[in-house]
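Here is the structure we will look at, set down as structure tokens.
Each chain carries a letter (A, B and C) given by its place in the written order, and its residues are counted from 1.
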């Protein structure tokens, strides 16, 4: 719990109200009660500020006729994220090392670890300080896990991969499986391209549940500092995602895709192999990125769902578009001929 | 095994044939042999009823000139589902509790459990009666698992989540990982929105393999009674799926999506954040749902694949559509002018 | 390491250069140093062959004015795949059987196994020779795993399934979960279609990470010899994929899909139920396959992403296509009328 005066300081907001008032929890607008702080930046919530039971509300600008404690922040959502952390962020406490920890030879283990039951670690692994390994986590030979990183249950990290400090890897994710590369031989049998590279996840990354991040053929598949991935994301071999880039669920990056820093890639997006996406690019949901994208571009290509019957009618014409375009050229010619004819008769 | 007389009763069908005939197995039409019951509701199978070796066939209406035992049901597929259960559904038998069960403090365990090897359960967990926990299942602190529920191998359920009675959670699924919420700070670093909510899976739900169901920011992500999910499905934070709704594979619901009861959501569908889909809605495969959908609507928007060369020709014109529309307006104007000119000369 | 003379023989290439020169590693073009072999088949690399530090380069045809050792191969990528294997492929060495191996009754275990810690195997399982089972692998009752197969960490194989010889199953994949089949009853409750079939993975298949391959309702879901799957792929109940077919990430095959031999199915593709795709078919990324596809066809239907504003303009017209087509017919009629009128006045 914090006084509003203290909290305003922590979240970098201006307080209009009682600095001695106490807040104990953060809650969403409709769940907030006395003792809570909430967010009211959307217009629909601003209209209802006086109805809220919250002790304090974070808003984007001063509001007249409001009797509530207000915390005014240029970026209210950021201020709220910080308020949640200030009120609910728990300090790390190690749970010691389970006595069934299966650990290989020549490992270097940090201090204050939380190794839960049923964790398996290979040979020559380096585990930093204050690392949490949840049940079912499997870490291959020669891996390196940085300080303060949390590996959730049933995560698999193949040999020779690196995960930086302060990373979170959610349950079921697989890091370092072989990239997908096969060449058909003379008989049509698929010959495997052995993948000799690694996966490198830099500091401060968070990776969602049940993702798959493949190792490089040669060199590294790289998630740069601060990359954040949602669930069920596919990162092909030799991809590189730039700093602070966020990617939503079910998106897949084909082998060799490069994405710049500070991009926002929405869900169910796909990329062609070896595409390069610049910095600060926004790709909207379900877009298929087939060629390079310059810095700062906003691209999309999602088909919004609509009434099925109406959409089918549209699709019928869609299929006939080349025919329609030709017809239009004919009409143009006919009109030109008519003009000449009329002129001739003039 | 059952007599046809008994089976007709169990599956609520009318028998035209020998009530004393015995069936031992259910099989698909082409695999069915003597002693089997099968389904022949599609026209292609109806045409071949006399060729079948099955002892009995479930059909939708009386058929003339057929010498086989027929079970006539208004909903033959439902009757067949019941027949399979009547003949093949095994009664639950507990396999006792493995001696390597890793269980935390203050847990309440039901009776007649099947706890297989290598299961890990946290503190303050409540496990109902006749629950099956398969190898590699990990259940976090403060979770609640209802009676008769089956958790398949390598499933992860994070802390504070609830799974109801008679649920089935297939292998590799992750319930309760953090929702995907980040806000860039002044330096572009992504600040995590801590997720303090839960996941609540009500009774009689089935969740496929390798799904990811995120916990709510505040409050609950909810699967209502009888929801059925296929594999590799993403359920974002704070989603709510209504009773009996079924969802096919690789579909993703963005944070805050609400889906009503009795909907059918096909595969590879995606939704925008905070979209509300009504009751009894059908969304066809690969549709992107960008706005609210009323009760009973049938919506779609999938691009059927076609010959690549033909499709590329269509796409060229598709890209030029605004130009085409302008050209058409020009033609319209030209025709009007011609009409006036002709009139003038008339 | 190999001499170039020996390596040329192993990869079936013609050597133009020093047969006694030694190569120790394969590397990508830009990473290759002295002692390495690399691939320079793309034109961009061919132009830079003289700049390379590699000891030898694989190319598709003789090049003049090149001082490097060249290995000329009709299919350079295939030759390179073989070179990587010749230089980096490790001979199998068993790591013995972990003393915590949890194995059921009546199992038949081959020789020279590598059973790592925390592996769980059910009853009546047959494990071939030289099989590797990684930590967290769970294999159900009555399964059969062929010789030389590698099951990576946290893989789940349900009861009664078969995986052939020389297969690789990557981490987190689930084989044999129930197919997705439900029938709503009179009250709208979804009644489960019990799935009594199996999954059969034939020899030489490779399955990526976090895939889900469902068991058949009756009979088998089948991956034929040499099928290669990328990550996060959904294979519905009763699907059959033909020999040597490769499938990229995030693709989903609905129940009963049949795919012929030697197909290339790109990423994020989906198929309708019971579709049959012929042999040697190519389906490009993100296509939705709604009907049968003949042998040798190349089909697609991906929407390339483009500038969002431009694309929205296109979409506005797209929605109005039926209207546009009608308008065009009107214009056509107007022109015909004008022609007649002019004729009349002639």
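The definition used in the following text is that a contact is a pair of C-beta atoms (placed from the backbone, for glycine too) under 8 Å apart; a residue touches a chain by one contact, two chains touch by 3 or more.
From a predicted model like this one, the values you see are computed outputs, not experimental measurements.
> When you check each chain against chain A and chain B, which touch both of them?
Neighbours common to chain A and chain B are C.
> Superimpose the Cα trace of chain A on the Cα trace of chain C, which carries the same sequence, then give the rotation angle to the nearest 5°.
My answer is 120 degrees for the C-alpha fit.
> Same or different for chain B and chain C, where same means more than half of the interface numbers show up on both copies?
Both copies, chain B as well as chain C, present different residues to each other, with under half of the numbers appearing on both sides.
> Hey, how far is the Cα centre of chain B from the one of chain C, in Å?
25
> Can you list the chain A residues in contact with two or more other chains?
118, 136, 154, 172, 210, 232, 250, 268, 302-304, 306, 318, 321, 324, 328, 331, 335, 338, 342, 345
> Name, in rising order, each residue of chain C that touches chain A in their complex.
Answer in residue numbers: 26-28, 31, 75, 77-78, 80-82, 84-85, 88-89, 100, 116-118, 134-136, 152-154, 168, 170-172, 204, 206, 208-210, 226, 228, 230-232, 243-244, 246, 248-250, 261-262, 267-268, 285-286, 302-309, 311-312, 315, 318-319, 321-322, 324-325, 328, 331-332, 335, 338-339, 342, 345-346.
> Taking the touch rule as given, give the residues of chain A at its contact with chain C in the complex, in rising order.
So the residues of chain A touching chain C come out as 102, 118, 120, 136, 138, 154, 156, 158, 172-174, 177-178, 180-185, 188-194, 196, 210-212, 214, 217-219, 232, 234, 236, 250, 252, 254, 268-270, 272, 282-284, 287-291, 293, 297-304, 306, 313-314, 316-318, 320-321, 324, 327-328, 331, 334-335, 338, 341-342, 345.
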